[in-house]
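Two complexes, one shared chain (chain A), two partners (chain B, chain C).
Let's look at the complex of A and B:
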């Protein structure tokens, strides 16, 4: 998480065990009163900036990226933005089958270009553009200057690279496919199976697939006497009903004994997809001695490859992995809370329920900032505040901005002392206040609320009073007395043993857990209850409560 | 407020001594370029210098070969903050393309024929870059580093050898660029003489 202070994180209730077990009669009453500790190891996973959170309108609850369930809406190639139907996905895999490739060296996008004869310099175009006369083509990386000619691959046509590439091995030799092997065996039945060093992963997979399909269909014949459809396994509903009927045992006993055994035999030879590991690595060692470090592929490059390889000349262009657009559902009520438009080129959403438009935005800033504001031209830069001195009171202005079109009543609760080893004193000067409804944004400019602001210029913060107030926001003051970070100065608490280990990372950041409870009156939802309410103007009381963490700043180590 | 737009960046510092120059007659140099320093600046035939580029010879002399392109906001011959800097200036071979915003420090720095220094790179003082090298965007070459011929520097200093063997194609593309740039950039070499 970002370490620049100040910040506000909100805890998603999904990780809170007490909320989950609240329906349980056995829930410990003391558990409910415990304070949320932002420094506990578990908390890291439940704290989110407000912008990351969604909101379920039906459950009236915050939903975080961890607790929503996701569904894919579309699959598409990030390079050509082609939408891939999910049926193709099943048959052709999760990579783009058009001409989209990534450089195996630097993962930059590859471009198809013609390999020009370099002798006739006057006819050459400046870039590697396709020329109408044709000629061999290759893939070029514009970033690291890799070309597919380095691994000996050239293409006859500039289109359909996927199909062309799947037929060539590195070095330009044609790739052995299952069909080639079958044809060869048809012509010459006595030919021995393909030697292992010629079997690559694709061929082996094709063999294995054919083998298991034949095995499966044999096994299934034994159940029903009907071959299963291609691609249907044991998990298909049809197969399941067959298995169920087998267990209920209606007139299949006789047939079952006739058929072959249920147990499948393992792959036995190359034609079944068996490939024995080659443990003789003398060829690789020799290559390593000759080529040295530069001839080997790096770990990052090897990770992207589909086959296990070692050397740079074994690299193959990487077909782009498809990406998906996902919709998100509430885990409790199954309502969709975020749904992007299915069109790949559109970045808009059909449904998107941000928490930001349902719960107040909480911002925190020091009352007397020490850092000078960054000049406009350096704007992304943020000036860090000076570290907080221990045992010295600091005031912070916490602003609540109401996104709802109803007034909200906010109640804050925070522990007097922050949890953890170094507990700082915290006082919320105004723990209960009301924030006005969100209205038209121009009201702010039209309304003259100058006198509200000028009043505060000379006075200090007062207990029980709002610091500043605007159209749909209220700011209050928080007083903090940071604790000393010196381990020998920790106060003794009864017989408790004091942890005297050195300062851990992040422990010098002063984080204040705060419980926010908001209450408001909203229009009743007509579609929710069966009998329509008599009064159309009926209002219902709603409330929402959650923990948030205010990251105030760093405590100086003296 | 005047209607004219002003750049956010500070104005270019055009002060400093005027260096002795040795220009080819076929040179294209914008009068918005900045030439500074005390040592000589030599630019050979058909080289193009864009506006707002800055060539400094305060550390050592600058030599720019034939058919080079020096793009905008390039700082050629920048003084190095390195303590034990080498003597001498900067020398570029023929067909060298230095893209916008790159900084080439002085101190015996050499860039070989047909090399391309891409946008925003920094070449340290005394670095020796071979022929037909590519230094990709925002790369930093350390002081005194030596790049063999045909090296490609990419992604945080990773290096590999360019095996395309197409230096002629590159030269051709530079020739075409120069042909276009000569029409676009009004040349005024007399300003610097």
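Let's look at the complex of A and C:
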């Protein structure tokens, strides 16, 4: 991974199961003593940039995409942006039925267009004559030039492609539907069922669905809410009803009823939806010999298809998968902490509690940058900092910006030596400081004059003193002495065996784990406790502590 | 555009646009800038590719003056070096015509990117070396990663992260990333009296 430094990642408390289960926002002092290794494999799952994190006001704790629970607010097609009601979702599935298709070859969007007659008279005689209505039509990919005519599919009308496509097989022959089969059976009751090679996934599903529906309607036993394992077996209709209701989210409406456990028979033939696996692949092998590699579909193409296919001429246009807008709940207290407006085109939120409105933003920059700033006409190009030389002290300015309307007291703790094989030395020159409240924006104008007040010119960083300070931010200095990345230069730690394996990916990035504790006094919420809390003076001590990782730069491999 | 005394690399207009003297704006009368937009050197905007087939005026009514905007850009946009903005064209009622290219507010377009979209919403970041093909529609809050080729006519819904050749939605923007699209600070780092670039 090519990460650009510097960066700050924050650890969500959900990686520590004890914190989540007790629902306690504050970690006890002993816990602070444990070390945190940002390069440990587990850390990958708990570190996030600040903008990925949410905050629960009730638990007063950080929440991340991994631990929040999500609920769909709206389903919509990402191509036509039409909202799909959840009832349609149940009956028609999770793909757009409004003629929105993706190219089966390159995944680009497909367009409906009229098939143009060849205008060049020298070429082959025109294959298609445009009729007065403009047809026939086909789907076209404007990225790779694939068209549905390559798989022998054309349409009479430019609209309702979904319906038309569901009735044509590749090659142009009509697709066998459940209705066709039923009509056929009505005319010739003695005719044997459709041979398996003509049964595609759609027909098989339709058969299976009809079969189970008829089974279910034959028995009216409803025992929703009863445990599945109570001697019923999974193939009993009651158990099936219950499983269905679990998945469609329509549980709890049936009455608890003790009925006889009648076992339902399973699908037995083609008309029940049973399809025997075809193990004879000689047809495919023959096709492979004739068509070769070029005739086959790639793995990426195959995984987008709904039917298991092998060859390019079996590919079908891919109806767009629907996308959703989702709200997010706190895993501990179940309060909603992010909720978008339901309208597809709206980008507003009804609720959103971002961590960045509750905890300070931490930014890092070198005190003496080696890279010259990009010329104005080349901006926003960023010049990369030179790699850090081992055994040489570097200073970084770390800025904490307070989003709260209260002053915060920040206490930092960081191990003197970074964990891992290549242990760099770290000193936080000012581990404790206060950051002023995030007051009105127009005070920002005064920021620049205020900036240097705490420091005289030409003065280097000093221990115990903050570096710079502004309206709602404070900068401190961090001293780092990078370790050497040479395997043969690693200091011996007691009897431990030195790991002499080659440098792993990302091991050259100097990451500093830092424990941040913020304390502040907030107004007690004018809440439901009644008049007792009306006391204006009532201030509540709050505290929040978390680990973060500062990626300050790359160490040079010299 | 009213010009201030000629000096510096940029022409700074009354509405706060900062246009490099080395940018090529063709057909300026058809290019609308909303203000506070930065146009870096070697950017080309093809305002000359104006719509030729006009929408039919309502019958009987006095014909409104034809809309000749070819490229409309909102506020706080940033066009990095060598960006090309080109209105898309197609056959409309048997005649080839260009259609306007509309860009919203706080839209960043990276170095060397070619844009032929029909519309780009607000708060959109397009990386460097991208191609946004004809009549693509990019909604609000979208991030297009470097080197993406967005196919013609593609619609990209809000909160998408798009990458690849052809471009496809590869991820969803985190909820907290929305104000990162603000380009006010970047605007200040460019011009004849620029502030130092943010660290």
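Criterion: the second predicted complex is superposed on the first by the 454 of 558 C-alpha atoms of A that agree within 3 Å, B and C clash if a C-alpha of one lies under 4 Å from a C-alpha of the other, contacts with A are read in each partner's own complex, and residues count from 1 in each chain.
By our rule, contacts are C-beta pairs under 8 Å (C-beta built on N, C-alpha and C of every residue); 3 or more make two chains touch, one makes a residue touch a chain.
Please read these numbers as outputs of a predicted model, since none were measured by experiment.
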Touched partner set for A:294, first chain B, second chain C, both or neither: first
Partner chain in contact with A:349 - chain B first, chain C second, else both or neither: second
Touched partner set for A:105, first chain B, second chain C, both or neither: first
Superposition-derived comparison: chain B or chain C, residues of chain A touched: C
First, second, both or neither for A:199, with chain B first and chain C second: neither
Chain B versus chain C as contact partner of A:362, first or second or both or neither: neither
Partner chain in contact with A:239 - chain B first, chain C second, else both or neither: neither
Which superposed partner A:147 touches (first chain B, second chain C, both, neither): first
First (chain B), second (chain C), both or neither touched by A:373: second
Residues of chain A contacting chain B in one complex and chain C in the other: 106, 143-144, 377
Touch list for chain A against partner chain B, complex: 105-106, 116, 118, 121, 124, 126-128, 143-147, 149-150, 294, 377
Contact set on chain A toward chain C in their complex: 49-54, 65, 76, 78-81, 106-109, 111, 141-144, 323, 328, 338, 344-345, 347, 349, 352, 354-356, 363, 365, 369, 373-374, 376-382, 397
Chain C - residues contacting chain A, complex: 9, 20, 22, 40-41, 78, 80-81, 111, 133, 139-141, 149, 151-160, 166, 168-169, 174-178, 180, 186, 189-191, 194, 196-197, 199
Contact set on chain B toward chain A in their complex: 8, 134, 136, 152, 154-155, 158, 160-166, 168-169, 172-173, 176-177
